[in-house]
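As structure tokens, here come the structures.
Two complexes, one shared chain (chain A), two partners (chain B, chain C).
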Partner chain A sequence: MTKTRILFGLQLAFTLLVAAFLIVPAILSMVAGVTVNYFRGIRSGVTLHWIGQVWELYADTIGRSFEIALATLLVTLVIGVPAAYALHTRGGRFSRIVEEIITLPIAIPGLAIALALILTYGGIGGFRRSWLFILVGHVIFTLPFMVRAVMAVFATIDVKTLDESAASLGASPWRRFRDVIVPNARPGILAGALMVVTLSLGEFNLTWMLHTPLTKTLPVGLADSYASMRLEIASAYTLIFFVMIIPLLVAMQWIGAGAGLMPGKKS
Partner chain B sequence: MSSSTFIRFCLVPLAVVVLAFFILPMTQLIVAGANGPLGLKAYAAILLEPRYRQTLVNTVLLSFTVTIVTLVISTIAGLFVQRNRFPGRSLLIAMLTFPLAFPGVVVGFMIILLAGRQGLIGEITSSIAGGKVVFAYSIGGLFLGYLYFSIPRVILTVMAAVEKLDPRLEEAARSLGAGAWAVHRDVVLPALTPAFIASSAISFATAMGAFGTAFTLATNIDVLAMLIYTEFTLGANIAIAAALSVGLGFVAWAILALARSFAGATIAAAG
Partner chain C sequence: MTGAKGVSVHLQSCSKTFPDGTRALEPVSLDVACGETLVFLGPSGCGKTTTLRIIAGLEQPDDGGRVLFDGEDVTHLPIERRNVGMVFQSYALFPNMTVADNIGYSLKIRGASRAERTTRIAELVTLTGIGGLENRSIDQLSGGQRQRVALARAVAMRPRVLLLDEPLTALDASLRERLRAELNRLLRSLGITAVYVTHDQAEAMALGDRIVVMRNGAIAQIGTPREIYFEPASRFIAEFVGAANILEATAADGFLALRGGRLAIGGDGKNARGNVVAMVRPEAIALVAPEGASLTGRLETASFVGDRLRLTVAGVSERPLSIDAPNTVSARPGDLVGLLIDPNAIRLFPGERS
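== the complex of A and B ==
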């Protein structure tokens, strides 16, 4: 008995150490963001001054990130939901190949995709300079998450029977899609939407290459503050980012889609 | 409109966007790699040019070490939280998986707070030993950063796999007289092999391609992603940058595809 208790204690201590490694720096950064002088520690006082500074310096990046995330969501919904329906209904080799192709951007490093986009469309100045250039990158990167989340729901419900019975009642394909397919796919759409927004808000690898000085997003601003601002400002900025994504993470846990961000999940 | 026409119509937006903004650009990238002063040899440069080859070796060694260490840490922690019930367990799981949505840049900053010039490790070592230990801006910092990035993902994979294990197998082994260690060595760990393959692939492929963390920590860390970035932006060496990214993209995809065919799970690396 004592042997198992010692083993339990050792494993617990080890796991706590791992958790500390992950959580301590996050807490340090949250504290540093509201500390008057991080070098002197929390004794120097608590302040919202740095948050205010971040707001002055980077408010536009926060607004733009939200705009891009919502636009990405809209585009992935319009493209992804019908596509998931079609891929599920058609099935077979063709659908598997299409699914494989649209999933490639998860495996290929963002740097490579960004270079490819710049080589192809970088010459079109108006497009290159606008936030739409970043939107395109985010759509390509997040689309597979939406398609797979919706297809995962279709795999658990009997879409074919639903679809066919609606058809036998004389509903047109469009009405069936709108009134039968989409409402039934809602859990997948919600899970996909949360993933798309979370990923878009945090996307850096593509965005760093695709942005211009006038189209900075939040993660681009973060990198900028890490390189050139004092630690308190960088921390306050990171704190704002945490406040933005934590509700999304909690919502994902709530609906049981948290593992979706972790692409090792079986689909 | 007939059903099959409607279904084909449903694929049109996807086809247009994927062709225009993924397939066409990736094709251009492959072509651009062969269109520099070196021609097709740009693709061989990564193996033949000593500087690039050294970077490749560094990146592979670093990614490999990160993968092994992550696997060991996450298996111990994942098995523990999935197998035991104790107060505070769900809080502990939340802490272990909280950084899942952190982008690479933020992970880099976490490492700076731990091991940077004003970092916690420096504080502790300077008060205990008198010497300030700072290693965030070196390959050691990058190693820690990739661990930070991979551990939550692998813990989740291990936990999911442990949950699916058939407890009867272990009971059978125990009733046949196997000790705790033998049960783990001969029953539990072999049953977790598919999860190990899947998570190794994720953590190896992400470490190979990760850019944000290296970018935050230092611009002169010698890994493949930073090499591509500096060749493109500072060197304006577009052909080499393109060839290197095609190579990197192919390797990342191949590892994941290979692991998937072994493990039978849909896996891929994010960010």
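== the complex of A and C ==
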């Protein structure tokens, strides 16, 4: 009895230690963002001054990040959902090859993708200088997440037979897609959408290479502020990022749990 | 009653080879008469579902094959323009719609007004006995209710042909039997042309005006349930449809020479000579007193199954003979029994060997 209790105590202590190891830096960083002088510690006082300053310096990067994230979402929805539908219903070797190609960007370093984009399209000045250049990178990187999430749901609802039955009732391919496929793929589409938005908001590797001084995103601005500003400003910036991203992560968890219930609900 | 009417269906040398080279269906030609229920029966992988999917328009036959509805060539018409109703084994009801929306979906697509839809849905829920469930979602339904919704949905737009792909297979045995009777009544009252696929021979017998027995991608026999049962074209069909005793014996002078005696052959088999394969159904064999019987054997097992007595008798032919006797017969294992078989109940399969 006591032996199991000691064992449990040790396990708990170890878990807490690991959790603390991971969480404390994040908390310290956020606390630093509201501290008057980080080197004198929290006793120097608490202020929103740094946050105000970040807003002044980097508000455009925050806005741009959201713009790009939403545009990325739009493009991945328009391409990803029909792609998942086609890949799932067609099946076969060709579909698997396409799926692999779509998934490849997850494994390739962002820097390599960015380099390839710059080599190929960098010469088109207007495109290179606009935020659309970053958008392309983000779409390449996030598309597999959308396609995978939607295909996962398709795999649980036998979408092929649903499609065939809608067809037997007279529905055209577009009608089937709208009335039957999309509504039943909703949990996957939502999960994919949140994933795409969070990934796009936090994307640094690709964006670092693709951005120009006029097309900085939030994570790029963050790196910039760490390199060239007071530590408190960079930390305040981190704090803003957290406040933005955490609700999204929570929503993702929540919807993920809902989607997990789907197969059970179906039976 | 609901005004649904069917067309005749004609398949003209429809074969199917899948992209990987496997041949799912040898060239098949057949006719389904207007208002007829045709059942495709066979073990899995025999090509019955492929044939159904070709009629539906979910598969294209290989080049040269044609599908005609009332003489109109629909071979290249996609399923959504063929106006066929289809019931799937998994029902494939739309989980995002209510029962009523599922049933009314085909009408909505055809631009029927809300009032028209409501009337027709009310008609169909009464017809299929699911009144009161209109506003339920699909995952609140039992298996039997889902089956009825699937059927109501498939006939809502008065299809030219109703196609049913193992519609009762997903249900448990007692429910299956009840729904089979309901389905039968419904198909008759609708007067619709129906093509039904199943691997269950009892279902095929009960529902089919005619049965198409399939094997290895080809038609083994087409006929009414009686023809298939009493005059099976091959040993495979005899054994697949109902229970059959297969006798391998030598025939001469209108008799089969068996270990347990002689057996008179009637009909076409009378003139058979040499080694033959014959078939007799268990219920066509009667028990008689062994004295003076031309065929005798020893009773091996006797099991009482309520409506009849199922017996096996050894020593008559190579394998024990199974017999269905009336439940009033009393016999004990070990008894010597005489057997009486109507000569016309013996069917020979010329050209078949063990």
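Basically, the second predicted complex is superposed on the first by the 256 of 267 C-alpha atoms of A that agree within 3 Å, B and C clash if a C-alpha of one lies under 4 Å from a C-alpha of the other, contacts with A are read in each partner's own complex, and residues count from 1 in each chain.
Please note the rule applied: a residue touches a chain if its C-beta (ideal position, glycine included) is under 8 Å from a C-beta of that chain, and two chains touch if they have at least 3 such contacts.
Worth saying up front: this structure is predicted, and the values here are computed from it rather than measured.
Participant: Assess the superposed three-chain arrangement around chain A: do chain B and chain C clash, or do they fit?
Facilitator: fit
Participant: Let me test your reading of the model: by the given contact rule, A:I157 touches which partner, first (chain B), second (chain C), both or neither?
Facilitator: second
Participant: Give one of first, second, both or neither to describe whether A:N184 is in contact with chain B, with chain C, with both, or with none.
Facilitator: The answer is second: A:N184 touches chain C but not chain B.
Participant: First (chain B), second (chain C), both or neither: which does A:T120 touch?
Facilitator: Touch partner of A:T120: chain B, not chain C.
Participant: Is A:M146 touching the first partner chain B, the second partner chain C, both, or neither of them?
Facilitator: A:M146: touches no partner chain.
Participant: Touching A:I108 in the superposition: chain B (first), chain C (second), both, neither?
Facilitator: first
Participant: Please work out whether A:I51 is in contact with chain B alone, chain C alone, both, or neither, and reply first, second, both or neither.
Facilitator: neither
Participant: May I ask you to decide whether A:R175 touches chain B, chain C, both, or neither, giving the answer as first, second, both or neither?
Facilitator: Only chain C is touched by A:R175; chain B is not.
Participant: Determine, under the contact definition given at the top, whether A:A166 touches first (chain B), second (chain C), both, or neither.
Facilitator: In the superposition, A:A166 contacts chain C only.
Participant: Tell me the contact category for A:V24 with respect to chain B and chain C: first, second, both or neither.
Facilitator: After superposition on chain A, A:V24 lies in contact with chain B alone.
Participant: Residues of chain A touched by chain B versus by chain C: which partner has the larger set?
Facilitator: B
Participant: On the combined arrangement from the superposition, state the nearest Cα-Cα distance between chain B and chain C in Å.
Facilitator: 6
Participant: Per the definitions at the top, what is the overlap between the chain A residues touching chain B and those touching chain C?
Facilitator: Common to the two interfaces on chain A: residues 167, 172, 265-267.
Participant: Which part of chain A faces chain B closely enough to touch in the complex?
Facilitator: 4, 7-8, 11-12, 14-16, 18-19, 21-26, 28-29, 32, 38-39, 75, 78-80, 82-83, 85-87, 89-90, 98, 101-113, 115-117, 119-121, 136, 139-140, 143-144, 147-148, 167, 172-174, 177, 198-199, 202-205, 208, 219, 222-223, 226-227, 231, 234-235, 238, 241, 245, 248-249, 253, 258-259, 261-267
Participant: In the complex, go through chain A and note every residue touching chain C.
Facilitator: Of all residues in chain A, those touching chain C are 92, 157-158, 161-162, 164-172, 175, 179-180, 183-184, 265-267.
Participant: Using the touch definition from the top, list the residues of chain C that touch chain A in their complex.
Facilitator: For this pair, the touching residues of chain C are 19, 56, 58, 78-81, 83-86, 88, 90, 92-96, 105-106, 109-110, 139, 153-154, 156-157, 163.
Participant: Along chain B, where are the residues that touch chain A in the complex?
Facilitator: Against chain A, chain B makes touches at 1-3, 5-11, 13-14, 17-18, 21-26, 28-29, 32, 73, 76-77, 79-81, 84, 86, 92, 94-106, 108-114, 118, 120, 147-148, 151-154, 156-157, 160, 180, 195, 198-199, 202, 205, 208-212, 215-216, 225, 228-229, 232, 238, 241-242, 245-246, 248-249, 252-253, 256-257, 265-271.
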